[in-house]
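Pasting in a structure now, in structure tokens, and then I'll have a few things to ask.
In this document, chain identifiers A, B and C correspond to the written order of the chains, with residue numbering beginning at 1 in each.
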Amino acid sequence: MDLVVLEEIKRLKYRYLRGVDLKLWDEVADTFTVDATADYGTHAVGGDGKKFEGREAILEFLTTSLGNGIITVHHAGQPEIEVDGDTATGRWSFTDKVIVPDHKVIIEGAAFYEDTYRRDADGAWRMSHIGYVRTYESMLSWEGNPGFRLLANRWAVPA
Amino acid sequence: MDLVVLEEIKRLKYRYLRGVDLKLWDEVADTFTVDATADYGTHAVGGDGKKFEGREAILEFLTTSLGNGIITVHHAGQPEIEVDGDTATGRWSFTDKVIVPDHKVIIEGAAFYEDTYRRDADGAWRMSHIGYVRTYESMLSWEGNPGFRLLANRWAVPA
Amino acid sequence: MDLVVLEEIKRLKYRYLRGVDLKLWDEVADTFTVDATADYGTHAVGGDGKKFEGREAILEFLTTSLGNGIITVHHAGQPEIEVDGDTATGRWSFTDKVIVPDHKVIIEGAAFYEDTYRRDADGAWRMSHIGYVRTYESMLSWEGNPGFRLLANRWAVPA
């Protein structure tokens, strides 16, 4: 068991997740191989998931979907990673929370990631596939609920 | 500090948690020693916790409690593992979310696991005890709340 | 990459988080250097965060804020730790849930920790700075919502 490689792959995933939540798109781009594929299995906006081919297409989707009007909290844990030379697979428990203040809506869900990783020529591990199947997804509107208040929002533009 | 053993025990726990949420009961069974004990400290259904002796009794409880009418999301993190030869103890932060669509109910809670582990004759680490004490547990009914919708459910049988 | 040091620093953080949620203040005190600083970036009680200098001031804040009337669940994961000799930095994904039964209020939030660590003369790693910036924070009152029930509370004094 190569514990250093395991740590490198975990760090790769954590960098991706932090980059998405903090909207650091250059950092996020560097976590994918150029030919990476994605299958974001969300059901919130209909369809059977959102599939993309190539780093550029994935980034296009993320940057246009996750502007400053959207708060996201992505969490992955419980990594089960299998390394085979310069490629690897990873399973992760995943939860996400998406808050859309303008629409007074919170979407929550859970899933299991089934990723693949590859060590590129520069020695860095990157995601060659990111994908998950949803366990559940729910939506809550706080319209008309005076008991709910958003107290802080990192992306709110001061009035 | 034997980092490989720590990783093996973490993986054991992650396999158990994934198995429970994905209802992979054969995988779950293999994470317990034959003589394992369990103390699932839940308060949702009354009583002072649910205690079981032996892998068979634990699996009987899990398989009969967690059918396709129940969505579960179990998360454990923050492992503090102490290894002593072929036995070990582990403390974990734990949260769970249980959704029962037919009853329009969500149960959420948090706890700290206090487990013990043993390396069996086949070389594999297994849980010899799983147990936790609840920090809190809450129940929310969305009956009569039009603001809540379940958008996706992995276990729903298509109509 | 010194994996043993990484594990020690992770364990330090987990001990701190468990200590806070279980109100084990002596254990918590020992996770800080004497000259530690804190910037608890919460917005729930107004202001631009809560800043403290010195272990004593941090502990004074924690013990007076988090009595038995408050249930807390702090979770940190996704560690990105950089070690440089006897000092280190760490970034963590962080979520918290604070329940105040007497006021029927739940506060939830997410943030990213930006900590620093130091190996003290006794060989133990401790936090020399703990701080975070909030991604969001929300408050929910269940006053007048018969659909919500608190089923278990570790800190409730039996009547």
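Points worth noting:
Criterion: a contact is a pair of C-beta atoms (placed from the backbone, for glycine too) under 8 Å apart; a residue touches a chain by one contact, two chains touch by 3 or more.
Bear in mind the structure is a predicted one, so any value in this text is a computation, not a measurement.
Taken pairwise by the contact criterion, the protein chains are fully connected, each one touching every other. Shared numbers divided by all numbers used gives the overlap of an interface; between chain A and chain B this overlap falls below half, so the copies present different residues.
In whole angstrom, the spacing between the mean C-alpha positions of chain A and chain B is 24. Contact of a single residue of chain B with at least two other chains is seen at positions 3, 77. Of all residues in chain A, those touching chain B in their complex are 1, 3, 6, 43-44, 77-80, 91, 93, 95, 107, 109-110, 112, 133-145.
Residues 3-4, 7, 11, 13-15, 17-18, 21-22, 71, 73, 75-77, 97, 99, 147-154 of chain B are the ones that touch chain A when the two sit in their complex.
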